[in-house]
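Here subunit A shows up in two complexes: once beside subunit B, once beside subunit C.
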Partner chain A sequence: MYTQGLSNPDAPAPAKAVEDAGLAARFQDRVDAEERIEANDWMPEAYRRTLTRQISQHAHSEIIGMLPEGNWVTRAPTLRRKATLLAKVQDEAGHGLYLYAAAETLGRSREEMFDDLLSGKAKYSSIFNYPTLTWADMGAIGWLVDGAAIMNQIPLCRCSYGPYARAMIRVCKEESFHQRQGYEIMVALCRGTPEQKAMAQDALDRWYWPCLMMFGPPDGDSTHSDQSTRWKIKRFSNDELRQKFLDALVPQAEYLGLTLPDPGLRFEPGAGDAVKDGAMKDGVRGHWRHGPINWDEFRQVLAGNGPCNRERISARRRAHKDGAWVREAAAAYAAKQAKQKRAA
Partner chain B sequence: MSDVKTPNTPLWEVFIRSRNGLAHKHVGSLHAADATMALQAARDLYTRRGEGLSIWIVPSHAITASDPADKGMMFEPTVSKVYRHPTFYDVPDEVGHM
Partner chain C sequence: MATTSIQVNETPLVLYLLRRADDALILGHRLSEWIGLGPILEEEMALGNIGLDLIGQARSLYAYAAEAEAAGNDEDKFAYLRDAPQYRNLLLAEQPNGDFGQTMVRQLFYSAFADLYWRAMTESHDATLAAIAAKSEKESAYHLRHSSEWVIRLGDGTEESHARVQEAVDLLWPYTGEMFECDATERTLVDGRTIIDPATLRDAWDHTINAVLSRATLTRPKNPWMQGGGRAGRHSEHLGHLLSTMQHVQRTYPGAAW
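And then the complex of A and B:
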């Protein structure tokens, strides 16, 4: 999800240094015993690198994720909608900061991570490279994008790396309002005029496929999954999470009276998937199956050719540049105060 | 501009007293130029839903931490002294709760 860019070619080569096999085995034993790994504990270099990339990409996604929604803050239809949207965007900023703080415990400074984002070196979730064309997109994002994010983030609360797991617990607590806020917008539009309902349908038509793509490539193609699973960073595979999301989504769309833009969508009754993890085991209930996903579009967006990639990064760069004088002034003031205090 | 390195801003640890009568508890960290700004940022970042009544801000570099590698040496002496716990002592049943 937030780690889609992990499979990108700029990934550093595997660590050359041979690590102490005894330490590595003891580390894996701790992970297997469901112990949490803390910042000062010994960890394999590859574990540190994977987590630094994953958590920083997750943080970048939260920050870039403010832009599509920020687009509608000033044009929200009522004061209530404006206040809730603003609160949601503020939460995304907070989530980004919790995550940067968690990533920093692994040894990379927030400023370095910022610079990686601004230079285009670091990735963020593909979903934020799509435009928000109408007010209904605020509903669709809350309902679908945040809904998908919650599916992904709840298992991360049990991630083996303590600081990441703790950040995710805070994020998940706050995130549940986001999805409800979005769905409420959709309900209002679907109970409104035919034009409003058409607007809701249009938003769903545009966000459905990108949201299914958010979970990342199908399990067979996902290069980093196996190791992340062994390290208990990843608890469910991309396809398992996508399935959970779709099963939850179909009845919600039905309630709204909207149609998912997926001619291949079908229900497979009581198939009872042989899923590895006990929590997903379900021999009775059937599953909704989506039609084929256009993975070429996904790869294009990740490669920087989505509808808004350039706009998002240039907006971030502009904000960073425009804020430079504030950072400088604050630092100068702090230095002056510290000097006066020493003199006194 | 992305070729210019962004200068680092100091790191602070945040502690929050969630309710009257409870201790301040570590909730996370943040960056800020000075203590006043750190306090304001902590308010915005960690108490958006009424999580606290009081905030402490401590420069991260001011914290001295024990080394996880010394865990055994550091804490073993307390593990082996079971007589520090009340259940170590036998009190006749007739005496009742003590």
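And then the complex of A and C:
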């Protein structure tokens, strides 16, 4: 009932013009003062739309993201790996649920958002349009994909919109656990047989570039960034986050004895790199620089031409269709129960 | 040469533990096949949860079997390096998921038994088994509640859901008798009060199932014929396929550590 109450079809007017300038100024003051905006507070329509889009895309990504990993649950090589992978995929379903709930506070129902996913209207993270071909992909996804997601998501714990920020606190805790889990899979493979190590290297070769792309287009090309930054939805630019990710990634790959598939990768020393005590301050530390990213691949995957775009959506559509009779039965049963209760 | 299959010294206790562990693992594996296919997100989580509980129960039981056998086997060797005839699970556990209704009926039949079974087993004179039972009993009670609620909802839902779930009840009914079997091997453990005789739970199970079927407006099948063989390693055609998926990585890279 709650969601239906919120999904009033004539509620969100695209009426930028009628918004009260005073309310808008007060809203921005609150954001600037790092206050949290709550569901019942006044907010600009564009803020509401931006957040609804971002949070629901995030939820969709969790739901679609269950599929590539679900692909290996039945083939996990030990019972411990099977249990932890199943628990991880279950966490992702949980993240999807919190995030849909957070997005619902902005006025759109979960059903409407989910329909947008199934119809192809709504986007989800392109990374899940790549296939999981070996067990090592479970390691690489945890280490790289969850690692990249954490870089993106930690700043969202301070997002100006309260329900999203609070959901992200829990999501991030679980994600960092998932990342360690993935890295641990990689460690086991890299300490294993030559075949296992080759499997780990192959997974890294396939996931490295798509993970760098996860942060989105270079800063100059990103369409949503400026306004989101003013609204304190976004705290760091795409390139800044990509840089943090890469700087963390390089020593991790080195520890595993794996090679990043990036011939252009190089270290650019900072002013403080001559200091040997390791106590360098920000700004003086050097950075790892990646080679050129193939943005055409990114655009192709975004446009629906990734290796698994069609499979991922059709899997979700099929599940939804196959489950229709179950949902109908549950609704019919609930209606009967309610009727009996009224009669009693 | 790395091992690709193991031999198990099936003392009565080891055989018993493998049987119960295999029930939990195979059913847990079946539930894990639901990932990404559930009718609603909450149910994907619930099926995953029940699957995780069962895999956890299997691991405790395998660990105890390894300790009791003391022959260098462990949970993963039991799970990944035995072929279908060495598996000792109930035929019910290996039956395919079918539609959501079929999965819930299978769960109801099993959980209505497991709930009673593990509760009774908390009285085992074997302290390890009593401890495993105490944990499993709590989990099974939840599994029973969840699957009963769904069978009732589906049975008393729409015409279509009623027909589907009745078909599932009829299909799976012949696999319920095996749960109550107690062969000569297990009899020795019953006599030592290590385990209970599952036949003693029959009336209570009937009572639970009759109550759920009645609320669900479903009919209890009349045919008394029951299938068996799982406890002795004679399975349905389905188990081999399940194992070929589950054991694929271990068998492709023998002896590797994961």
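In this section, the second predicted complex is superposed on the first by the 315 of 344 C-alpha atoms of A that agree within 3 Å, B and C clash if a C-alpha of one lies under 4 Å from a C-alpha of the other, contacts with A are read in each partner's own complex, and residues count from 1 in each chain.
By definition in this document, contacts are C-beta pairs under 8 Å (C-beta built on N, C-alpha and C of every residue); 3 or more make two chains touch, one makes a residue touch a chain.
Only a predicted model underlies this, so the values are computations on that prediction, with no experimental measurement involved.
Q: Pick one for A:E268: touches subunit B only (first), subunit C only (second), both, or neither.
A: neither
Q: Would you sort A:L97 into first (subunit B), second (subunit C), both or neither based on which partner it touches?
A: both
Q: Quick check on the superposed pair: does A:T193 touch subunit B, subunit C, both, or neither? Answer first, second, both or neither.
A: second
Q: Could you say whether A:T74 touches subunit B, subunit C, both of them, or neither, answering first, second, both or neither?
A: In the superposition, A:T74 contacts subunit C only.
Q: Mind working out whether A:M66 is in touch with subunit B, subunit C, both or neither, as first, second, both or neither?
A: second
Q: For A:R317, decide between first (touching subunit B), second (touching subunit C), both and neither.
A: First partner only, subunit B.
Q: Residues of subunit A touched: more by subunit B or subunit C?
A: The larger set of subunit A residues in touch belongs to C.
Q: Tell me the contact category for A:D32 with respect to subunit B and subunit C: first, second, both or neither.
A: In the superposition, A:D32 touches no partner, neither subunit B nor subunit C.
Q: Just checking: does A:D41 make contact with subunit B only, subunit C only, both, or neither of them? Give me first, second, both or neither.
A: first
Q: Show me the subunit A residues, by the header's touch rule, that subunit B contacts in one structure and subunit C contacts in the other.
A: In subunit A, residues 87, 90, 94, 97, 320, 327, 330, 333 are touched by subunit B and also by subunit C.
Q: Once bound in the complex, which stretches of subunit B touch subunit A?
A: 1-3, 5-11, 28-34, 37, 44-45, 48-49, 65, 67-69
Q: Tell me, which parts of subunit C touch subunit A in their complex?
A: Touch list, subunit C to subunit A: 25, 29, 32-33, 35-45, 48-49, 51-52, 55-56, 58-59, 62, 75-76, 79-80, 99-101, 152-154, 156-158, 160-161, 164, 245-246, 248-250, 253, 256-258.
Q: What residues of subunit A sit close enough to touch subunit C in their complex?
A: By the definition above, subunit A touches subunit C via 63, 66-67, 70, 73-83, 86-87, 89-90, 93-94, 96-97, 135, 185, 188-189, 192-193, 195-196, 315-316, 318-320, 322-330, 332-333, 336.
Q: Where on subunit A is subunit B touching in the complex?
A: 38, 40-42, 87, 90-91, 94, 97-98, 101, 104, 109-112, 114-115, 118-120, 167, 170, 174, 317, 320-321, 327, 330-331, 333-334, 337-338
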